[in-house]
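Please find the structures below.
In the two complexes below, subunit A is the common chain; its partner is subunit B in one and subunit C in the other.
Now for the complex of A and B:
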C-alpha cells in the first residue's frame, strides 16, 4: 500500500508537472477539438438535421480525437532517455503506473472539456436539460477513453507510426461505448427524436438509464482488463 | 543465447567489475541482474529473494545506471530526484537528495531541466537517481561514460563510500583501469561465460590492463 500511494502520487505529479512545463498537449488538444467542432458545425448548417442531434456526435468526435493526443504523449515521454526502464526497475506495480496515467489523462480531458463543452453548447445552440447527468456522461466517457487509450498508448509506444496505430486501435475498441455515450448526450441536450428510440444504431440503448448502465459496465470491464494487461504490455 | 552458466556472487561491501568486448553480454548480464530481462533458465537473487519475481523488496534494493540516463527531460534535476525518491518511497528523501546533489556537484544545475544538461551532467544525474533510494546493490553499465577526470574521481569516491557503507556494486566497463581502481574483484566475460575472476589485490593492474587490451584487440 505504501508503494502504491507513493508510486501513484509520484507518477501523477510527474506527468502533470511535465505537461504544465512543456505545454505540448493541452494547446494541441484545444486547437484540434475546436477545429473539429467548427468544421462539423459548418457541415451541419447545410443539413436539415437538428443541431441538437449533430452536436453530441461532434462533441464526442472532438473529445475522442483530442484525447488521443494526450494518450500518445503520455507514453512517448517514457520512451525518451529510457525512462520506461526506470519505471520497471522501481518497486511499483505496473497497475499503479497505469492508474496514475489514467488519472493524468482524465485530468487533461476534464480541463479540455471545461473549454470545449461550453464551445459546443454555443456553436450548436444546445440546451442542457440536466447538468449533473451531463457531467456524469462526460466523466464515464472520459474514463473509457483514458482507460483504453492509456493501455494502447503503452502497447504502440515503440511503433513507428504510433499516432496512426493508436487512433485505429483505440477508436475501434471504443465504438461500443460511443453509441450509448452519443445517445446519453442527445437525451441531455433534449434531442432524442422519438423515432430514434428503439430503432437503428441506437436501438439497443433504449433509455438514458440503460445508456449510463452500458457505459458503467464498459468502464468497469475495460479498466479492470487494461489494469491487468498493462504489466504485460510494458514489460513484454 | 547470450549468456550460459554465468555464476556470480556479490557480498555486502563488494564491488565487481565485469569486462568484456562488445557483444560479450555485459549489458545483458546487468539487465538480467536488474530484473529488466528474464532468463530462460537460472535465477538472480538479492538477499534470498528472486529479483525477477521477488516483488517490491527485491526491486527496492537495486539501483541501476544503464546506457541511457533514465531521467525525464522536462523535469529539473531536483524534480527528477524527487520523483524517483517518491517512486521508491525513500525515507529522508530531501536530505539524501541534497547530499547527492552536493557530492555530484550538481548544485548549480539543481533547477535546470534535464533536457539542457550536457552528457556528463546527465550521467551524474543518472548516478544520483540510481542512489537516491539508498539501494543495497548498484548495477552500473559504463558509469564513467561521458564523465571528465574530475567527475570520474567523484564517482570513484561515491562508489568507495557506497561499498564501505555495506553496498555492493556490479559494474560493466570497457575502461579496465577505472574498473580496477573502483572494484575489489575483476571478471572477464567471454563466449557467454565468465572466463576470468580474481580479487583485484591479486592482480598486477598494469599487466592485467595490458593483457586485456591485447585480448580485446584480438577479439575484434
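Now for the complex of A and C:
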C-alpha cells in the first residue's frame, strides 16, 4: 500500500506540476468548452426551446470534448523522448500509473467544471434544485470519462490520427453512461416535471436514484476493467 | 463443408418461412417479422460474445489467429446488428406507427450497432501497426461488451414499450421460429469461419510478397 501510494504520488504530482508550469491544455479546454456552450446557446435561442433541456446536453458535450483534450495529452506527452517506456520500466505497477493518470485527468476536469458549470447556469438560465446531487452527478460522469479516456489514450498514443480515433472510441464506449448522466442533470435543473419521471423515453433511467445507481455501477465496472486491462494493453 | 452448411442455413430459413406463412402464422400479419427480427438479434449478441472471447484470447496469448476471429466476429456482428435494427424499425413502424422511439431496448440496440461500427472504424484507421491494432481492438471489444448485458436486461427491468420476452400461441409458431434461429446462428458461425480464413489467407499472401 505504501509502495502504491509513493508510486501514485510521484506520477500524479509529476503530471500536475508539468501542467501547472507549462499550462499546456487547461486554457484550451476552457476555451473549447465555452465555445461549444456558446454555440449551442445561440442555436437554442428561439422561444420554443426549453433551456433547461438543452443546458444539460450542452454541458455534457463540452465536458466530453474538453475532457478528450486532457486525456489525449496525458499519454501523447509521454510518447516524446520515449518517456512512456521509462515510466513502465520504473518499479511501479502499470495499474498504479493508470490510476495516477486518471486522477490527474479527474483534477483537470474538476478545475474545468469550476468555470464551466457556473457559465452554463448563467448562459442557460438554469436553476439548481439540489447542489450536492449536481456535484455527485458531475463527479460520477467525470470518473467514467477520465477512466475510459485515459485507457484508450494510452492505447492509441502510438497511432497516427490518434485524436480522431480517440474521440470516436471514447464517445461510443461512454454512450450507455451518458444516457443516465443527461437525464440526471435534467432532473437537477428541473427540466423534467415530477409527473413525467419514469415514463416514455425517460423510462430508460426511471428515477434520479436509479440514474445515479446506473452511473455508480458503470463507473465501478469501467474503472475496474480499465485498470486490469491497462497493464496487459501497454506491456510492450 | 462450408458450402453445405450455408445451404443448410438457407434451407432452414426457407422451412421457417414456409411454416411461418402457413400453419405458424401470427396475427396481425406484420408480427411475422419476428421470425427474422428475434433470430438476428440473438445472432448479433452471440457475435459479440465471440468477439469478447476472441479479444480475451488475444490479450492472453498474443496469437494472431485470435485477432482474426475477433475481426471476423465483429464484421459478421455488424451485419446482424444492422439486420436487427432495420427489421426492428420496420416492425416498430407497423406496430407503434413510429420508425424509432427512445425506449430502453431500442436505445441499447442502437448503441450496440454503434459499437460495432466504431470497432470497424478502429480496424480501418489503425491499419499501419498490426500488433497495436490487434491490442486496441481487443481492449475495445472487452470494454464494449459491457453494453451486451444492458441490451438483454433493459427490457426486463425497465418499463418499456418493447416486450421483454415472447411466447408463442401454438406449437407451429415455435416450429417456425426454431429453424429460423438455428439458421441465423449457423449462418453467423459459417460467415465468421469464412472471414477468419480469408484474413488468414491475406496474411499469408502479404508474408510471401
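Convention: the second predicted complex is superposed on the first by the 224 of 236 C-alpha atoms of A that agree within 3 Å, B and C clash if a C-alpha of one lies under 4 Å from a C-alpha of the other, contacts with A are read in each partner's own complex, and residues count from 1 in each chain.
Going forward, contacts are C-beta pairs under 8 Å (C-beta built on N, C-alpha and C of every residue); 3 or more make two chains touch, one makes a residue touch a chain.
Source: prediction; values computed, not measured.
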item	value
Partner chain in contact with A:43 - subunit B first, subunit C second, else both or neither	neither
Partner chain in contact with A:220 - subunit B first, subunit C second, else both or neither	neither
Touched partner set for A:35, first subunit B, second subunit C, both or neither	neither
Subunit A residues touched by each partner, larger count belonging to subunit B or subunit C	C
First, second, both or neither for A:21, with subunit B first and subunit C second	first
Partner chain in contact with A:175 - subunit B first, subunit C second, else both or neither	second
Which of subunit B and subunit C A:80 touches, first, second, both or neither	first
Parts of subunit B lying in touch with subunit A, wherever the complex brings them together	34-36, 55-57, 59-60, 62, 64, 66-75, 79, 83-84, 86-89, 113-114, 129
Complex interface listing, subunit A residues touching subunit C	148, 151-152, 155-156, 158-161, 164-165, 168-169, 172-173, 175-176, 179, 198-201, 203-204, 206, 218, 221-222, 225-226, 229, 232-233, 236
Touch list for subunit A against partner subunit B, complex	2-3, 6-7, 9-11, 13-14, 17-18, 21-22, 77, 80-83, 85-92
Subunit C - residues contacting subunit A, complex	59, 101-104, 107-108, 111, 114-115, 117-118, 121-122, 125-126, 128-129, 131-132, 135-136, 138-140, 142-144, 146-147, 150, 154, 158-160
